[in-house]
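Here subunit A shows up in two complexes: once beside subunit B, once beside subunit C.
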Partner chain A sequence: MDNSKVKLTIDDREVEVPKDSTILEAALSVGIDIPYFCWHPNLESVGACRMCLVEVEKMPKLVASCVNPVAEGMVVHTNTEKVIKAREKVLEFVLTNHPLDCPTCDKGGECDLQDLTYDHGPMMTRYREDKVRWIVDTHYRFDDLQLGPLIYRNQNRCITCFRCVRITREIFGYSDLGVFGRGSKTHISAPGGEKFLNEFSGNTVEYCPVGALTARNFRYKIRPWLCEQTPTVCPMCGDGCNMTAWSHQRKGHIRNTSRRNDSIDEGMLCDRGRFGSVFSNHPDRIKSPMIKEGDTFREVQWEEALGFIAEGIKKIKSESGPEALGGIASDLVSNEEAYLFSRLMRQGVGTNNLDFRGDRKSLLGAGALKILFEMQKMSVPLEKVASFDTVFVIGTDIASTHPIYTMWLKRGIRKAGLRVLAANSRKLDFGIYSVQNFTYRPGGELALLLGLLKVIVKEKLYSDAGPFRGGQFSRWANSLQKTNYDTIAASCGLSEERISILARALAESENCLFVVGQDLWEGPLGSSCLLAINDLAVLTENNGNPRGGVNLLFDSGNYLGALNWGLTPDYLPARRHREDKVGREKIESLWNCRLPEAEGFDTIKMLEQIRKGNIKGLYLYQSDLLCDFPDWEYIHDCLSKLDLLIVHELFLTETAKMATVILPATSFVETEGTFTNTEGRIQRFQRGAAPSKGVRESWQTLSRLAQKLGAEFVYENPPEIFREMVTLSSDAAGLDYDKLGARGRIVALAERVFEPALYEVEFDSYTSGDSDYPYPLLTGDLVYHLRHLTNYNEDMMLVAPEAHLEISPEDAKSLELKEDDTVRVESARGALEVKVAISKKSPPGVVFLPRNYSDKNVNKLRDREKTLDYVRIAKA
Partner chain B sequence: MNTMSLSKESIEKLQELKDKFPDRRTAILPALHVVYDQFGYVGDEQLKEAAEVVELPYVELAENASFYTMFPKKPVGKYFIQVCTNLSCALLGADSLVDYLLEKLNVKLGEITPDGLFTVVTVECLGSCGSAPMMQVNDEYHENLTRERVDELLEEFRREGTKKGGPPS
Partner chain C sequence: MADLIRILASIFLAIPKGLATTFKHLFRKTITIDYPRKPAKFAPRYRGLHYLTRYPDGEERCVACGLCAIACPSDCIYLEPEENERGERVAKLYEIDEIRCIFCGYCEEACPEEAIRLGWEFEFSQYDRKNFVWTKEMLLENFDKLEKGRAKGFIREKKFQFRAEPETYF
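Right after this comes the complex of A and B.
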């Protein structure tokens, strides 16, 4: 890249900028304001609106500053009479057909056209003719056309800047929005009468400079200036995009807009975050503590509920010991809440039976977590991923699990020729941007990884100069011989040749980033896969220093925070291992208590203990186990066995309905604190809306309950909790809650530097067919949903209202199924009737059913004892 | 439905276009011509098919097609009559000329006459302002129009169009 700079003069100021800047960029970089409509920092300039005209000495005409590059010695004037006149005329022209219906336009108050006309426009128009009016047959209100489920278009207001279309195509790679016609008939529409719908559609509304595009959730609801704006962080996936939450005194949290953080989101949000996180006003919110009496719940005062819980816990403790109690939180609670819950369970209750993972059949134990922590030292920040020449995504449909992460990959493809290689058991689709797919059979992930290692060793694709010599290395290399290509090919379904192509691409790339899906490292072969990926990165010298890297993906809003702040049985807050004496003592002196000695149980083991009658009391803190656990019958059975089931929740979920006692929880907009995103970045979110009357903030509830159990928790507010918890980690210790800044801070919580090592990995796989149930069943979140949480959001339920079984075109053909046919999906466990969606993402022979629907809970088909579930499909 | 798909020749032409230009999008206009030449119009289905062949997003072909009134988007009569209604032509009576055509052929704008011969549409300036009013019929310009001249032309087209083989294209 050419880094040279040029000097020019703008409005009598000397300016020095990079050579490839435009005049507009140069001016903005020093705070000189040039008005613009069509230009946007994330987009290529097109020069469509002419609002940005400036005068350049020695140029005969005014020039559009957004497309004209700077040059050495150039003299620019942005405010001469000529420029001022031209702006007036551009605006007059833009307004000829504009309806000027500001009083009923949703953009009123935050409209670029309003603002720029106010600042630069003519006071009057000379145009006296009829305006072109777009009357829409299927109008919703006035002339609004529904482009897709979430977005409406009022063509009258459009100033044809094409930002919406360019955002959709350039940044996100979708072609479901286009500019059609010409002249005054130019209009924005979905092509061929299709729907405009992709997971980033909301950005078009935010960046439309006028009210031509409006979003379903906000249009005709409230004036923007009547809302309060609060900086917050999206909790809906691990990317941690920054948002502004808008709330109204009466209507509560009503919408989100972006809050540009160039390290994460560059001002973009996905629809799951933008729209899907608006759920705090749902009527199913729990508004009061409740105690079960017979078949119903009785609303009670807080003190009564907390007293009831404390008594219940004390009773179990005195009869059966603290090991008869356990707690499971969620990966959506804040760092402060995670820390408090850990403290409550360990100090207040006195048990290490603690977890936050409720949707897996197998969980990483302390040993595997240690490796995971070690591997995190190879990670690179999100803003760097577009600069690699190769990214290898393995074990996740990243476009669904991490939308904004995917935006960076697309940017790399578009701007820097990044090559994305993907290995997964479903295909990845990046719209118009290309991905090379290597689709493996479910259960064959480790086989593929071993195959890659074998090829790299066999073809000597690693550097000789590296540390790869000597006896230890040959022992490691020999261990790969134990598995032959036939076994590997049979297990992963990819031939030696295909594996070699991928292996060479990885080994020969200049700089390769490994992006590892949570489904992979948390899957049945998770810990072995982690080791194999470590080996791949180390062997190809892509271990992050000086090149390459490994990014382990954390799929939900605060998974990493929950892991860091003490929500697994063995790791105390700040990743202090239970048996690490120093850490333990530090915590004991801080908390002024003795920590429980006994080994704790994770979710899966706790459930076993519940089944056996050894655990009698369970505290579920925002954990919807009944919906999420991959075996409905079993979890239902377990939960019904409990003497005491405390559910501390946002909604009256199916799990909550089984509770002995229910406590209302507060959502992310009703409290404050920090989240840790997939990079390890700690970011602050603030309180944007008051919880409904009588609801206490969760941190208060946890503290008060601890007090009732005899533990002295005295906190004034979440920042105080933060200040206390960071003292436990040498890396986080310096962090100041008030100075986390606009970009947040990446905190490693790691004490040593990464020492590259190779591990021997044993082959394993878990494919096993069954003629009765031939199809392996995969599951996961749709891009529009997050577990069951988004069932409480109207927009997401409108976009993806019901469960569809995704099958390949080949299977559809052989089963004679058409789109939307109803089928019966049956496993040895149960059956569901759902509609069919034919999807190119599904490879032949593999089906996918989302885990997002309470009425069609995929977990009713799943069996916790089977690593992979199989189903059969019949037309209903 | 076979008649609706691209012919082998069209596909070959499109394949040739695909890699002919440094920026593939340059192939869009020539590709539209290929479709138009085969079908006499450029419909959604045909464009989708062509887009697959030239490996461009369908939307980009559709956008470009929509920009040019010269590409009808649905089937038209054998004689595709495009009357200019822009400034010069308008001043010299283009509107009444359109009315006259529609009345005489007994159709609405954009429709095909029952005999399949004619479709009338209005278009923007065709660059023949000095000889306004004017219309383009298929690929030919007819200028300095009067009602009498229109009558003559329609007669001629009718005669020719009902002969076997249809109009020259």
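Right after this comes the complex of A and C.
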């Protein structure tokens, strides 16, 4: 890129800007205001609205400043009489056909057209003719047309700036919104009567300068000026986009808009975050503590409930010791709450039986977590992703799990020719942007990694530097040759040729980023995959190299925070290992207690102990174990065996209905604290709405309960907790809660060169299904849902209301199934009746069922003992 | 001495002077009215209890734009919009806390639909403060009562208004 600067004069001010900027950008950079409609910092300029006219000396006419580049010595005037008059006339033109129905328009109060007309517009219109009016023939929504389930269009108000179409196409790569017609008949619509529906559709509403596009969740809701705006952070995926939560005194949390953070989201949000995180007002919210009596729950006072819990815990403790108790939190709680829960369980209850992962068949143990922590330190900030020349995404459908991460990849493709290589068991789809898919068989990820290592070693695609010499290395290289390509191909379903193509692409790239999905490292072979990826990254000279890197993806809002702040049995807060003397003493002196010595159990082992009758009491903190755990029968059986089941939850979930005691929790808009996103960035969110009457903030509940259990810790507010916990960590020490700033802080990034692990890959050869159950069943989150949380959001349930079995067109043909046919999906465990969706994302022979629906819970088909679940499909 | 006489004279003379004024007024026409036995009369632009108007076909005029609420200096209007079955914007809730209202008429002035008006009713004292909240239904009913009066010919057209004024109705 050309970095040279040019000098020009704008309104008698000397301005120096990069050569390729436009006059508008130059003016804005020094704070000179030029009004505009169609320009947007993330988009290419098109010059559609003419609002940004300025006068340039020696130019015969006024020029549109958003499309005209600066030049050396240019003299620009933005405030001459000519310009002012031109602006007035442009607005008069814009308003000729504008309906001026501000009283019924949802944009009223935050509308660019209103504001600019007020500042620059004419006082009166001279247009006396009839206005062109678009009447939607259905007459259903008055003049509005529902473009998709979430978006309404009122064509009368459109000023044809094309921002919506450009955002959809340029930034997100979708073509489901277009401009049709010309002149006064120009209109915005979905092509061919299709629906306008993609996971980023909400952005068009936010960036439409007028009320032509409005959102369903804000339709005729409330005026923006009556709402309070609070800076918050999206908890719905690991990207941690910054949002503004809008809440109203009587109605609570209503909607979200973006809060531009150029390091993360560049002012964009996905629909799961924008619409899906509005669930605080759902009628199923738990409003008061409850104790089970017979088959019903009795509402009780806080003190009674906490007393009851304390009694119960003390009783179990005295009868069977603290090891008979356990706690499972969730990856959606804030860092402060994670720390507090860890403290409550370890200090108050006295056990290390603690976890937060409830949706996996196998979990990373302490050793694997150590590798994970080391690798996480190398992660690359989101804003840098677009500057790589190759990105290798493995083990995740990143478009569904990390929408905004995908936006950066698309930006790289568009602007810098980034090449995205994707290895996954389902295909990735980036709209008009291209992804090279290498689809492996479910369970074949390790085989693929081995294949890649083999090719790289065989073809000597690595550099001859230090770590790749010596006996140990050649021994390792030889060990790779033990497995032949046929076995690998049989396991991962990719031929030697395909694997070689991928391997060469990785090795030959200038700088390559490895993006590793959670499904990969939390899968059955997780720790092996991590080591193999590490070796692969070192061999292709990327890891530790400032030009390359490895990014581990954490799929939910605060997964990394929960790991960091002590929600695993072996790691105390601040990643201090249980057996690390120094860290332990530090925590003991801070907490003023003795930490439990005994080894703790993770979720899976806890459940085994519950089954055996060794664990009698379980504290579930925002963990919907019954719905999430990949074996419904088993988990149901386990939970019903418990003497004491404490459920501290937002909603009356299926799990909560099994509880002995229920405590209401507070959601992210009702409390304050920090989240850690997938990059390791600590970001602060603030309280946007008061919790409903009688609900205590979760951190208060946790510390009050600890007091009842005899552990004296009292906090004033979450910032105080934060200040205490950072003192424990060497990475985060010195972070000031009040100075986290608008962008948050990335901590624990190290510039350390990674050592090759020289991991000897071993894998079981691929087990295929038998003839009874031939189809491997994959599951995961849809792009519109996060586990079961979004079941409590109207918008997301409208967009994706029910479970669909996604099968490939080939399978649909051979099974003679059509879209929306009902099928019976059967496994050895159980059966579900669902509708069929034919999806190009599914490779032949593999089916996918989302795990987001409690009525069609895919976990009823799953068996915790099998690494892969197989099903058969029959027409119902 | 002379001073003293003057003072005494002024005191004694003041009494008949004052009484003369009183007597003069005894024979004048009264300004006060015999309320509540006789109806009170108001200036045409008197600002009393609010009402919400309707179109001739019975539709509510209010589109729940919220401009009255934001114009109100005493912040006593609360409203929530909703979508009716034709997709139009109407008020779901419309509440005026009349005990907080200062009857300034700004709401009337702000309204783009001529929906909220201030009427002539002033006899709405209540025993409980809670009862001073007029809901949308009550405000519409105020209008309906007014219309009934109009139909019976109680109400003469009001000059400045789009419709009518009461003379004797309230």
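Operating definition for what follows: the second predicted complex is superposed on the first by the 854 of 876 C-alpha atoms of A that agree within 3 Å, B and C clash if a C-alpha of one lies under 4 Å from a C-alpha of the other, contacts with A are read in each partner's own complex, and residues count from 1 in each chain.
The criterion applied here is as follows: a contact is a pair of C-beta atoms (placed from the backbone, for glycine too) under 8 Å apart; a residue touches a chain by one contact, two chains touch by 3 or more.
The model shown is predicted, which means the values in this text are computed figures rather than measured ones.
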| item | value |
| --- | --- |
| Partner chain in contact with A:Gly181 - subunit B first, subunit C second, else both or neither | first |
| Partner chain in contact with A:Pro191 - subunit B first, subunit C second, else both or neither | first |
| Partner chain in contact with A:Cys102 - subunit B first, subunit C second, else both or neither | second |
| Broader residue contact with subunit A after superposition on the shared chain, subunit B or subunit C | C |
| Contacts of A:Arg219 with subunit B and subunit C, given as first, second, both or neither | second |
| First, second, both or neither for A:Ile432, with subunit B first and subunit C second | first |
| Subunit A residues within the subunit C interface of the complex | 102-104, 108, 139-142, 144, 219-223, 225-226, 250-251 |
| Touch list for subunit C against partner subunit A, complex | 63-67, 69-70, 78, 80-83, 86-89, 112-113 |
| Subunit A - residues contacting subunit B, complex | 169, 175-183, 191-193, 432 |
| Sites on subunit B touched by subunit A in the complex | 44, 48, 57-60, 62-63, 66-69, 124 |
